[in-house]
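Worksheet: one structure, shown below.
For clarity, chains are labelled A, B, C and D in written order, and residue numbers in each chain start from 1.
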Amino acid sequence: MRLATALAACAIAGLVLAPAPWLVSDFALSLTLSCLMYVGLAVSWAMFSGATNYLSLATAAFFGIGAYVTAWGHGTLPYAVAVPLGGLAAALFAAAIGAAVLHLRGAYFAVITFGLGELVRHAITYGEKTWARTVGRVISDPPATETVYLVVLALALAAVATAAAVRASRFGLALAGVGSDEERARTLGVNTRLVKTGGFALAAFFAGALGAAVAVRWTYIEPASVFNPFIGFQTVLIAMVGGAHTLAGPIASAVVFSVLTELLRLQFPYAYLIVLGALLILLVLYLPGGLASLLERWKWRQRHA
Amino acid sequence: MGFWLELIASGLITGGIYALVAIGLNLQYGLMRIMNISHGEFLMLGAYLTWLAHTFAGVNPLAFLPVVALALFGAGLLVYRLCFRRIARTSPAVELIEARSLLVGFGLMYLVQNAAYLVWGADLRGYSFLAEPVEIMGARFTGNRLAAFGFAVAASLFLIAVLRWTLVGKAVRAMMQSPAGAQLVGIDTAVLHPVVFGAGLALAGVAGGLLSMVYEITPAMGEPYTVTALIVITLGGLGSAAGCLAGGLLLGVVEALGMHFTSPSLKMLLSYAVFIAVLLARPKGLFAR
Amino acid sequence: MSIARFGGILSAVALAAACLPAAAQEAPVRIGYAIARTGPWAAGAQLTQEPNYIMWADQVNAAGGLNVKGRKRKVELVGFDDRSEAETVVRTYEKLMGSDKVDLILPPWGTGANFAVMPLIQKYGYPMIAPTATGRRLLGMKNPYFFAILQQPDRMMEALAEFLKARRVETAAVIHVDELFGLEQYTGLEAAFKEKGIRIIEKKTYPLGVKDLKPVLNDIKAKNPDAFIALSYPPDTFLVTAQAREIAFNPKAFYAAVGTAFPIYRDKLGPAVEGVMGLGTLNPKSSPAAKAYFDAHVAKHNKEPDRWASAHAWAALQVLEQAVAKVGLDRKALRDAIATGEFDTVIGKVRFKDGENVTTPGVVSQWQGREFEVVWPPDKATAPALFPKPAWR
Amino acid sequence: MPEPVLSARAVTVRFGGLVACDGVDLDVRAGELVGLIGPNGAGKTTFFHALSGVLAPDAGRLIVGGADLTGRPAHVFARHGVARTFQTPRVFRDMTALENVRFGMEFAGRSRVHAHDAFDDPQAILGFLGLGEAAAVPAGALTPARQRLLEIGMALAARPRVLLLDEVAAGLTHAELEASAALIRRVRDELGVAVVWIEHAVRVLMDQVERVAVLHQGRKIADGDPRAVARDPAVVEAYLGEEIEPQRLAA
């Protein structure tokens, strides 16, 4: 039932949002695209990290790997092929490192995933410089904004639909078991290693595909910008502020956060980050359950009215 | 022979700087599970305070460090009172303290960094102090780097000693193992928590003050230092003062040797590879308890 | 100081507002841009670029407005922080050109950000004259709306090679940062040195964010090259200078790239900078116009501009101003005017060919006392070169 | 004699220099109810960790239903029909009681030849345990005693051949204790599941089981009929100084 609702909501959102390039202003479109990018990143992050409590800081690495696939394929691979390929490359990377590091817990896991991201970034920088005598690639004829927008929309909706399907599935139950008590889940027959690696790779797929889809907008793809750790930090921030164990929380948070940051930036061009920081602190202190808890509270009131 | 001495010493000194950057965060995270991601921002504040005092009032930066420490200690008490106390009290599990303090840290990072932009502007700042080379056994080092290294080692040894041999240290270690248990045996966490948090910021501030003699400063300088600190403390083992020092020194020496034997371009690759290899072999860091 | 800068914006806006009743029929010319006020790009952007925009808008408005084909109209700057993020750069320019439809745009800071707006300026047809974008790859995109006013890497490196050749330098050691900038500079340097017969006896590269280069410098010192050249970014420029001094590595020529031209380089390192050469283009002694520019900048912002690209940011605004005076705000005509005209600016005569400023020659500068003197080419020199470099102080 | 469903051969587990289990043998046959006792620190829980695959033994073999699972991870043991509870109850606190039981059924319970298929429905298991009305309650909100019961339910949902119970009686009132003991007998009698039961309350355990094994300092020192074991001088010796007096042990 809940899965069906979620999928229907995705379909409706798709129908509503798809014609945007022909209806709204360039800026509104651009802002929507930003929101969708963070919806996709935050939802896919929460799908794994929210469920399992393995706080991954590898999002920037997945994003960058995806971006580099489009960069390398530019001119030979069509955009529509490069994007899923970027996702696949990130997923493969996640599966490979997941097998090695998914026994680490807590801060150790967070920091090592960050370290692995930096390792890839420096490896790519070094490899490019040594063998291709370049740092960064130019995308000489990027796809049209409409195309990028539609692809990002499709990816964001696919991430949400996948997250909903995972939550309703045995796989999702296993992930939740890992998050709650990993050893207990194992003694009840869950191959936790496989489940964790699979979940990590699935989340990575979306981050990679989004990197492949979005970075073409920047014309110049270089390690410093596509492996920007802030992309990863911001994703974690959004998902956790929304409520990482929920589905609706990260979505709402991605939209609120992107729009709010943008409005503040345009309104208070010099002090907006102070306002944003203060809001963030107040939110955590006085709404510790995240945005999702607002929704739950509202539902509870409805039921008990 | 002098060459090798210089190479290793140079690595150790850079490693000492890495450790220096990490000591304060190690205290906060290791002892209270407060993942203060705005650590680098407070380091930046320490750097700016020292720069201001030296550039506009001509104060000797070394002599000014106690003032920086005190100012940031005070700021730490305030920040703890305003943000982290509530988190520590309302979070039912230690994982939640960790997660929520991470988010508050992000908020503080935005806030403090932007305040610095408004007050001091984005320009690079810096001054020259103790920049003259000192010759030690045929190798040459600048005084400011030596000072930073010396402070890192001294502060680490001091912390190791305090944690191991004093009553306060025993209380802090008890708190580290079980915050609830600590309360049961009569340790007043209501006093100890803010003090440890304040001490963490004070150490960050002193580190910033020392680094302002060596490197340039900008409001954006904090984030890379936070990353360095995180790497160093996980490498050493969270909460271990000895691990923090050893982790920093190890990275510094690996980088120096790597730069000599391979290419400086591989330096980052090497240090991350060493970091990852250590964690794979010892999932709780070098000095895991 | 940013308070001053903030005040600048306020006064620009206030001036524009104050003039509204008088010029009710004539709306201000809206000029949009995104630039880094926060994040890692901010230090460069706030030194070299945005202060010039603010000062220019002030001066233009104080003089009664921008001459738009004979009619004076006030200028209103619409500037936003790009957070040092490519995506924010793109989004902001889509807003400025696509939604707000500002009259003109000014470029963001840095090569990466300029790359990011390349397709947009072509799509919306806004000419852009970039003072802080370097690299053949940018020009290789053959974007008709893009103009690079700063001397390109190969040109600067040729000047350096000529200078060193004239001083009979035979060997050089080079380090460069693993970034497009370092790589392009090095490519230019390698070609120029080959032509002049200067041997590169050691070449090392290093990543961004390095905190210690002593082991590399020690290795290079052992090889005793005549010249040492660091194609570096600001943090490493400072680092390499301090550490060369630390180990008493004192080649006949010591050159570092970005950051040597910053006043803070001299202020932080003090007398140690004496004789250090670097990427600089002009100084107040270069011409009366340059002197006037430097003085006005100090008066306005209470800080000196750098001696590399700041004046180019100013010159880009002068080019724009002169083109607008000639053809007005029709952007196609404006583009053609910029592409074909010759302009009198603070950096001298400027003419573009295929988007590149082809009139300003490559230059080598050197710190002597408190000034970054131009020492090459001879006809641009403001002082004779100190060669060999004096010992570190 | 039927084949043992679970067979431990010379299982040894070391922690650094400490030998927690030292060459322990144990055979458990279908439908058997075996008690496992020993003074504090005897290595009982460590032995359970080895039997359920939570810890890989340093030496020895573990055979489940004829398959050698030595060194395999815990989920393989679970899929071969070894289910267990923990000394302090470990339930999935944020999931409801029903979801907790469903969890066992979805994984271990699905992927092997069923030893018992008395329950197809998690609700029926909750009913069997007397937790029927708590189905929708988050497990973390149950009392510790009910969490213990729920843990048994999770284990039963895995359709085990052998159930390892680690101290079900701790902290229970006398009446609750009797009820738990009765429940464990029913599990064995009605479902035919072999049970190995660690209990600190030795007397209750002795009343219920047909066979008891005694661990002391990591070694098995006795294994057999409870009354015979209680009179074993080695066992009496081992328990000297413990809170349980030898006479009462034999009572």
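The definition used in the following text is that a contact is a pair of C-beta atoms (placed from the backbone, for glycine too) under 8 Å apart; a residue touches a chain by one contact, two chains touch by 3 or more.
Quick caveat, the model's predicted, so the values are computed rather than measured.
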Chains touching both chain A and chain D, listed by label: none
Touching both chain A and chain C (chains): B
Chain C and chain D: spacing of chain centres that average the CA atoms, whole Å: 75
Centroid distance [mean C-alpha coordinates] between chain D and chain B, Å: 48
Distance from the mean Cα position of chain C to that of chain B, given in whole angstrom: 35
Distance from the mean Cα position of chain B to that of chain A, given in whole angstrom: 30
Interface hub residues of chain C, defined as touching at least two other chains: 2, 6, 37-38, 178, 205, 207
Interface hub residues of chain D, defined as touching at least two other chains: none
Chain A, residues touching no fewer than two other chains: 122, 125-126, 129, 270, 272-273
Pairs of chains satisfying the touch condition: A-B, A-C, A-D, B-C
Chain B contact footprint on chain A (complex, rising order): 53, 55, 100-101, 103-104, 106-108, 111-112, 114-116, 118-119, 122-123, 125-126, 129, 229, 233, 236-237, 240-241, 270-274, 276-281, 284-285, 288
Residues of chain A defined as touching chain D within the complex: 170, 173-174, 176-177, 180-181, 183-193, 245
Residues of chain B touching chain C in the complex: 3, 6-7, 10-11, 13-14, 17, 113-114, 117-128, 131, 133, 140-142, 214-216, 218-220, 224, 252, 255-256, 259-260, 263-265, 267-268
Touching residues (chain side chain C, partner chain B) in the complex: 1-3, 5-6, 36-40, 42-43, 45-47, 84, 175, 178, 204-207, 209-216, 218-219, 234-235, 238-239, 242, 245-248, 262, 264, 267-270, 272, 303
Residues of chain B that touch chain A when the two form their complex: 29, 35, 37, 83, 86-87, 90-91, 95-96, 98-100, 102-104, 106-115, 117-118, 223, 227, 230-231, 234, 238, 265-266, 268-269, 272-273, 275-276, 279-280, 283-285
